[in-house]
Structures are given as C-alpha cells and as structure tokens.
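I've put the structures underneath this note.
After this come two complexes, each holding chain A, first together with chain B and then together with chain C.
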Partner chain A sequence: MTERELIIIGGGPAGMAAAIAARENGVKDILLIERDQCLGGILNQCIHTGFGLEYFKEVLTGPEYASRFMSKVKSMPGIEISLRSFAVRLTKEKKLTYLKPGKMEKVKAKAIIMATGCREKTREMVHIAGMRPSGVFSAGLAQKLINIEGLLPGKEIVIVGSGDIGLIMARRLVLEGAKVSGVVEIEAQSRGLARNIVQCIEDFDIPIYFNHKISRIYGKNRVERVDIVRVDGNFNEIPGSSFEIKCDTILMSVGLIPENELIEMAGVVIDKKTNAPVSGELNKTSIPGIFVCGNSFKVYDIVDSVTRDSLIAGKLAAEYLRSRR
Partner chain B sequence: MIKKMVCIDCPHGCVLEIDMDSKPIGVRGNKCPKGIEFAISEIENPERVLTSSVLTEGLALKMIPVRTDRPIPKKDLFRAMEEIKKIRLRRTVAIGDIVIEDLLGLGVKLVATRGSAFDPDWRYPGEGSFR
Partner chain C sequence: MKQYDVVIIGGGVIGASIARELSRYKLSMALFEKEEELAFGVSKSNSGIIHSGTQNPPGSLKAKLCVQGNALTRKIARELGVDLKKVGSLIVAFTEEERLELLKIKKDAEILGVPGLKIVGRDWIRKHEPNLSAQACAALYASTTGIISPYRLVYDLCENAARNGVEFHLSSKVEKISALPVSDGKSGPRFEISTPKGSFRTRYLVNAAGLYADEISKMAGAGGFEIIPRKGEEFLLDKKREHLVNHVLYPLPTEKSKGILIIKTSDGNPMIGPTAHDVTDKEDLSTSDAGLKEVLESARKMIPTISESDIIAYFSGLRPTAGHDFIIRHENAVPGLLNVAGIQSPGLTSAPAIALMARDILKDNGLILRKKRFFHRHQREENHLFAIPLDKAKKLVKKDASYGDIVCRCEMVSAKEITDAISRGAMTLDGIKFRTRAQAGRCHGGFCTTRVMKILAEKTRRGLAEITKRGRGSEIVKGERGND
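Entry: the complex of A and B
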C-alpha cells in the first residue's frame, strides 16, 4: 500500500484552500481527490454573483471564484490532483480506498482532511404528504440541470423553503421563461440572505408565503398541483386556511446536511442531529490527524468563510504532521 | 419621506434608510460607501448584473456561464435573456473572454465566467478499462 503525507478528499473551495495552505505550511506530498471531472465543486454551477467580496474584495461568480483557486492548486508542485476519484472507505488507521476509472486504489495517509461539503435535504426529510409523482427536485439539482446540463426542469414551479439556493433558482427559472408560482416558507422569515429576497423574489414579483407549508402533493405521473396551508407558531396546520396552486414542478430548498459518512465509518464521533463531527475546536475531530473543513464541518452561509476556515485546516494538518516527525 | 431598502451589493445586506426629501438624498444604515451608490441608483435607475449560461456546439462543456461586465437596467433583463438564449457558442473561450461585444446596444459586454475546456488532466470517459 502506498503511503502519502496528506490526503484531501474533495476538490471544491474547501479542499482547494486546504491543499494550498498545507503546501504553504511545508507539506510536500499532498493527494487531492475529486469525484467530478474538474475541480471547483458546487461553485461550477453557482453562476450568479456574490462570491469573493470578503476574500478577494471583489464580487465574482462561482466559476470565477473557483478558477482562482484551481490555477493556484495546479501551479503548486507537491499537490497531485486525482479527478473522477470517488472515496468509498476510510479506516481509523487513515487507510483510504477510492475508485477511479478502471481502478480501485488503496492509500495510507499520515493525515486526512475531509472537504466533502454537504448535501441537500429531500422531500422525505420534511415529510410532505401526498402522491409521489416525478417533478420533485432539490433546488441544487435544478441548478445543475439548468446551468450545467442546459435543461429546464419544469414550466410552473413551486419552491419549498426560502434557503438561498431556492431563492436564486426562483430568479433563474423566471429568467429562463418558467413561471414561479410561489415560494412557501414554514418559518415567519426567510432563511436566505436579505439581498436574495430583494434581487430574486421582489424584483420579479414572486409570491412568497411565510408561515405556510405544502400539505399535499397531487399528480399521477407528473406533479399537477399542491395544497398550501397556513401554520401556527408550532407549525401546526390552521384549519380552513388551505388553498391550491397548479404546478408541474416542486423545488426543495429546505436545508443542507454535512456529508460525513466516510469519517463516521472510520470511527469519528458525529453529532446525530447535525451530521457534523463533534468537536471542541475548529476543523478537528475525535481522531487526531483526521480534519474536516468547509461545509462538511459546518454549513456556512458564504464561500469566503469556507475558504478562510479551510486555510486553517491546511495549516492544522501541517502542524500535526510536523509534530509527528 | 423615509424609504427603506436592502442594499444588495454584497451578502451583508445592509438595511438602508433613505431620506427622499433632502438634496442630495440622505442615506443611513450603510456599512460602506457602496450603500450610498446603491441607494441612488436604485431610486433613479435600478440596475442588475445579469448572469446566465449559454449553449455551446462542439465544445467539451455543454453550457458556458456568462455575466454582463456591468449592471444593466432592470427593465432590460428579459430582453437581454432573449439575446442570450439565441447564442450557440462554437469557439473555445477562456475565462473573461467576450461572448457578445455590445449587448442590446447598452454598451455592456457579455463575458464568459468559465473556460470552455476541461482541466488538461481530464481524459474522455472510455480510456483505459473504463468501458
């Protein structure tokens, strides 16, 4: 089994920042694993602006923000990038198994940084009753379909939850010619940034229903309509407040879950409620030498914060490796 | 009259209070000078940076993300989208390359925000024993 100083899993903003910081702090042998065909992670599909104001002091789109880190990571000797490489197993001895086209690789690392990001909550996780037709997407998947694949997921849309991705997709869909019939938020206020309420919802006169939820989804093959109902402070449905919206597509933007199954497999203590590692200190876990950074450590609002804290993770890993020599 | 609005220049989202009666108009609540610029523009001629993605033909990526290099009037957003939807990008582009020189005659450029090539490390699926 080959042995590496540091393996970083995930080539999005967190993994790239961690790799750069580790290299700059003296780690000379870094393997960066990314499952997609290119670096950048979710930033590649976040084509809207608003990235980089804190870190670069300018306003960039997601792909522009990512490309600055890509160029830097690729220019650094000592960082090997392995694309289309999917990590499947991690042990507490820091032995990693990953798949890449035509091969299964096993590597042992002296230190590991997990930069695996997070995944979106689904319809099942927020318990929406009704039928199970096609046409229910997570907002991030719809974003990928439109911005990367060039496909419009539907024509008449209802968005559940007012997270930033949902708000941004509302604008994107309207600009692409779809009708967004409403954003339904169970809380009394938006979970997204105020600027996104203004520039994505108010700019396009999209109805936003606070203190409301979808009580039922209808449709045999494809979504046909939904029932919307007002809720009280305890999220209980208020009888008689129900109304119907016709739609062919539902987007879910109801929260994100840190992706930490690999380190859980290795024995790292995970908080069952948040799915983030239980940790007293930034980026550290219950196993020395296994670090977690970016959205897999905790879900951040903006990418600049992911970069800032992931740079610290790279530095921590470098210090850990130095202390073991 | 005091008008309230949220500055959308950055993720901070400062709540601005604008005194519409004073001249020049008075702005409060802004954490930086951009808040004042935003308030004035929003009252006189609201503008937005437009981002979208354009279809390619024969390139490694099916879609290339684009942005206007400056904000355009809000009222022209949909007209601009009609232009963007017509594009079929056939030549390779680097990040920052101009896709439309003068969008709708507004004096605004449409630029690519991603290069059209994959990483040089990238190989087409099918190499080795993948298939």
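Entry: the complex of A and C
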C-alpha cells in the first residue's frame, strides 16, 4: 500500500483552499481526490454572480471564483490531483480506498482532510402526502439541469422552502421563460440572504407564502397541482385555510446535509441531527489527524467563508503532521 | 396474424412465474404488458417478504399455496441467481393473552405444513432482537421467512422465460378480446386480442392482470368478480439503520392484514408498513399523513427507537383483492380462459405455486404439455458493487474499466451496471433504479439523475427530453432551454 502525507477528499472550494494552505505551510506530499471530471465542486453550476465579495473584494460568478483557485492548486508542485476518483471507504487508520475508471486504489495517509460538501434534503425526507409523479426536483438538481445540461425542468413551478438555492432558482426559471407561481415557506421568515429575497423574488413579483406548507401533491405521471395550507406556530395545519396551485414542477429547497458517511464509517463521531462531525474546534473531529472543512463541516451561506475556514484546515493539518515528525 | 398456444396478460410476478413455468414445454407463447417495463404494477410496490405461511386462514387457497410457494421460491432463486435471504420472522406477543394466540397460530400453521416453528421467550428475544420493546413477552419464530427484491425476481423470471422462447410485448395494453367462432374446435385459436401494436390470436388466455383482472375477465366474456384495491403505505428507513432488526417482525394479525411490520429488505434498508385500507381508485398510489402516523405509531410499539427522521423514502401499493382468497380457475363458460385474479398478499410468495396450479388447470382443460429437450434453467448472474466485497470489486474494475466509473454515490453504482441494466431492458429511470439501486439512496438522485439520463439517452438513442421516470407522460424535463 502506498503512503501519503496528506490526502484531501473533495476538490470544491473547501478542498482547494485546504490544499493550498497545507502546501504553503510546508506539506510537500498532497493527494487531492475529486470524483468529478474537474475541480470546482458545486460552484461549477452556480453561474450567477455574488461570489468573492469578501475574499477578493470583487463580484464574481461561481465558475470564475473557482477557477482562481484551480489555477493556483494546479501550479503548486507537491499537490497531485486525481480526478474522476471516487472515495468509497475510509478506516480509522486513515486507509482510503477509491475507485476510478479502470482502477481501484488503496492508500494510507498520515493525515486526512475531508471536503466532500453536502447534499440537499429531498421530498422524501420531509413527508409530503400525495402522489409521487415526476417533476419533483431538489433545487440544486434543477440548477444543474438548466445550467450544465441546458434542459428546462418545468414550466409552472412551485418552490418549497426559501433557502438561497430555491430563491436563486426562482429567478433563474423566470429568466428561462417559466412561470414561478409561488414560494412556500413553513417558517415565518426566509432562511435565505436578504439580498436574494429582494433580487430574486420581490423584483420579479413572485408570491411568497410564509407560514404555509404543501399538504398534498397531485398527478399520476407528472405533477399537476398542489394543495397549500397555512400552519400555526407549531406547524400544525389550520383547518379551512387550504388552497390549490396548478403547476407541473415542484422544487425543494428545504436544507442541506453535510456529506459525512465516509468519516462516519471510519468511526468519527457524527451529530445525528445535523450529520456534521461533533467537534469542539473548527475543522477538527473526534479522530486526531482527520479534519473536515467546508460544507461537510457545517453548512455555510457564502463561499468566501468556506475559503477562509478551509485555509485554516490546511494549516491545522500541516501543524498536526509537523508535531508527529 | 400472429397466433399462439398461450397468451398471458400481465407482466407482474404472477404472469412472469406462469410464463417461466410454461416455457419448459413445447408451446408458442407470448406475454402482454401495458406498461413500458415489466413489474411496474403491484409487483413493484410490496414488502418483498417470502412468507413462511403462518397467519393465513386454514383451508384457503392462499394458505396452501403460500407454504408451497415459500419452498419453490427458494429453489427458483437459486436457479436464477436472485438474492433471497432466509432471515426468519417473529410474530411478537405483548401480553399473556397474545401469547396464547401465538400457540393457536402455531398449531394452525403446523397443520398446513409450515416447517421450522418455535415459540421463544423473553431471554431469546433480548439476545436475538435487542432493539425490540421490553414489553415483548414471547414470539413465534418461523425459520423459513425470507426477503427478496420483488422486481428483480420478476426481471429474472422474464429474462429466463424469454431465453426459453416466450415472446414479451411491452407497452401493449390489451384493449379488446373477441371470442372466435370455433370452426376447428380441437386446436384452433379461440381468442383474438387487440393491442395498440396489433392483434394476436391464441387458444388459451391467462388473465394475470393484477388490479385489472376483473376488466380482462369481463372483456373475455366471463366477468364474475370485482377487484377492490386495498392500499398499503410503506416507509423505508436509512441504510444506516440496517441492523435495527435481525428478523422480519409481525404483530398479531388482524382481520384485514398482517398488521404493521418491521421489514428487513434485500437491499439493506429496513422498511415499516404496510397499512391496509380499501380504496376506490386503482391508480391511487398516494401516501398520507394519516398513514405515516399509523405506521410510525405501530412500528414504535415494537421498536421504540425508530424516529421520523430515519425515513428516507415512502410509497404505497394496492393489493388486488376479490373477496378473502385468490381466484384461480378455468372459466367453463368461456373455454380457454384461465383467471388468476385477486392475488393479494401473499401473492409474491405464492407465485411459483400458483404457476404450477395454472399449468395443471390448463392441462386438465386440454393444453398438451410436452417437455422441451432442453430448458435453460439457470440465469447468468449480475454483479452489483454494493453487494460484493471490495477485493472482488477490484477484480471487476480491472476487467472492465467502467465498473470503476461510479455514477450513484449513495449506493455505489457504476456506469457498467447502468449500461447492463439498459441492455437487459430498462427503458426508464425507475427501471434503472429497480435493477441497480441508482437513485434509490439517501440523496434520491440529486447527484446521479443527470448522468443516468445521459447514459439512458445515449444507449437507447433518444433525446434527453424524451427520458421518463416510468413511461410516457412522466418525462423528467419539459424540453431544452430556450427552444420551447
């Protein structure tokens, strides 16, 4: 089995920042593993602007923001990048198994940084009664379909949840000629950034229903309509408040879950509610030498803070490796 | 016009089992299914349990066929390489009164010939089922209960039948059945069936149309029963809870059903359900808040640590009921028509026994059965990365590079498995999900849907906008960007 100083899993903004910082702090042998065909992570599908205000003091799109880090990581000797490489197993001895086309590799690391991002909550995780037709997407999947694949997920849309991704997708869909009939939020206010409420919803006159939820989905093959109902402070339905919206598509923007199944497999203590590592200190876990950064450590609102904190992860890993020499 | 000895209507587990059984004989045969793929009816949404045969009314057809079917399914699963896990089951008693009830169930089952039964007490339960509620005081253990992937069973039965000469017509709804004048009474065709893909003639007609068996029987001129759908809502838990239980757990049965179970599934995710409520609409596969509540409450009575946040998916299925028992009979008023209807639970388990019974009834009614010299008994096994140890995976990846190209992250499904599924008949995203588990994990396709769509479009030479979830009308997207 080959041995490496530091292995970083995930080549999004978090993994790239961690690699750069680790290298700058003296780690000379770094393997950066990314399952996609290119670095950049979720930023590749975020073609809207609003990235980099804090870190670069500039207004950038997601791909622009990512590309600045990509060129830097690629230019640094000592960082080996392995693309189309899917980490599938990690042990507490820091042995990592990953698959790539034609190959299965097993490597042992002295330290590990996990930067695997997060996944979206889906309709299945918040029970919505009714049928299960096609046309129910998580907002991020819809974003990928439009921005990367050039496909239109639907024409008459209802968005569930008012997280940033949902808000941004509301605007995106209107610009693509779709009708967004409403954003339905169970809480009394949005979890999204104020600027997104203004720029993505109010500027486009999209109705937003606070204290409401979808109570039923109709349609055998494709979504046909939904029932919306008002809820009280305990999220209980208020009888008689139900109304119907016709739509062919539902986007779910109901939260993100840190992707931590690999370290959970290795025995790192994970918070059952949030799926984030239980940790007293930024980027650290219950196993010394296994670090976590970016959206897999906790769900961040803006990428600039991901970069800031992930640079620290790289530095912590470097310190850990130095202390063990 | 194409002519057959036997036509089967319905590509669920019943039609598939009959098709495979009859493919041993020198017959020309075809199966017609209205959906784009096989196993898209009742046989896709059930509990996947191969029941031991307890809890059925003594003297009923289903009691007898279930016990036989359990043993036969084991044999067939071996032959076809379908994963059947013999996990055993417990019917759990919470009071002394319920414990006495167990003794009665055991006695009834023993009369039916159910093997491997024993009553176990608190200590046994603590040891073998540690998450079970402390209130549980006794249980009836049945060693022969198994779990299986119901759709993979149907796919393998049908592939094997096709290999042995049965023709399969998909997207071929039987819309009309006409009786033919019996000019050549001995061997000529007696029925003409019309489908959107043309008309066909047959001498024998097997009605295995599940929820629509009443309509088919009527079309053929027999009628005689009505199918009432009885809905069952089921809720799947995260794979992280795989070891929640070691057996299939039943409460004591009620008049209408076996109650809310804790089910191990062949793919690892535990499942809780199903409810049992009669409905009127045969297409009503909705789930409800009330169903969720009912299932959670009953499940927690057995396993108190189950929480709503463990649920990662839900669905419902409709049991095709026609009274209390199966209807398996030749309609003497319409010679050549065999109704196999009202196949409610335990239909999945009973299927191979039903197939034998169907064969015998056809024979008694003049179908000549001559064995083929060569019958392909076995099926080539498929590989699933999620089901094999990593060192075996390593060898596969070496042999075929695309095993190393992971498409679905949650369930570890490679591009190779997706293309295999397509070459074996998957046409829709659900068809791929059932065969490979891609999109069935905790992110529900958030990650892999676009990749699976692309592979499917490329392999079946269709545009991305034509790809569907489960057949026409369920297209995933509404077209390409910018060109409406």
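By our rule, the second predicted complex is superposed on the first by the 325 of 325 C-alpha atoms of A that agree within 3 Å, B and C clash if a C-alpha of one lies under 4 Å from a C-alpha of the other, contacts with A are read in each partner's own complex, and residues count from 1 in each chain.
The working rule: a residue touches a chain if its C-beta (ideal position, glycine included) is under 8 Å from a C-beta of that chain, and two chains touch if they have at least 3 such contacts.
The shown structure was predicted, so the numbers you read here are calculated from the model rather than taken from an experiment.
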| item | value |
| --- | --- |
| Partner chain(s) touched by A:V278 [first = chain B, second = chain C, both, neither] | neither |
| Touched partner set for A:G102, first chain B, second chain C, both or neither | both |
| First, second, both or neither for A:I238, with chain B first and chain C second | neither |
| Partner chain(s) touched by A:E176 [first = chain B, second = chain C, both, neither] | both |
| First, second, both or neither for A:I146, with chain B first and chain C second | both |
| First, second, both or neither for A:S67, with chain B first and chain C second | first |
| Contacts of A:N221 with chain B and chain C, given as first, second, both or neither | second |
| Which of chain B and chain C A:A194 touches, first, second, both or neither | first |
| Most chain A residues touched (candidates chain B, chain C) | C |
| First, second, both or neither for A:D203, with chain B first and chain C second | first |
| On chain A, positions contacted by chain B and by chain C | 101-103, 146, 148-150, 176-177 |
| Chain C-facing residues of chain A, complex | 35, 84, 86, 88-89, 97, 99-104, 119-120, 122-125, 127, 129-134, 138, 140-141, 144-146, 148-155, 176-177, 215-216, 220-222, 248-249, 264, 273 |
| Of all residues in chain B, those that touch chain A in their complex | 5-11, 13, 15, 48-53, 55, 61-63, 65-67, 74, 77-78, 81, 95, 113-115, 118-119, 121-122, 125, 127-130 |
| Of chain A, residues touching chain B in the complex | 37-39, 44, 47-50, 53, 59, 61-64, 67, 70, 74, 81, 83, 101-103, 146-150, 175-177, 193-195, 197-199, 203, 301-302 |
| Contact footprint of chain A on chain C as seen in their complex | 240, 283, 285-289, 292, 308-309, 311-315, 390, 393-394, 397-398, 401-406, 409, 412, 414, 442-447, 449-450, 454, 464-465, 468-482, 484 |
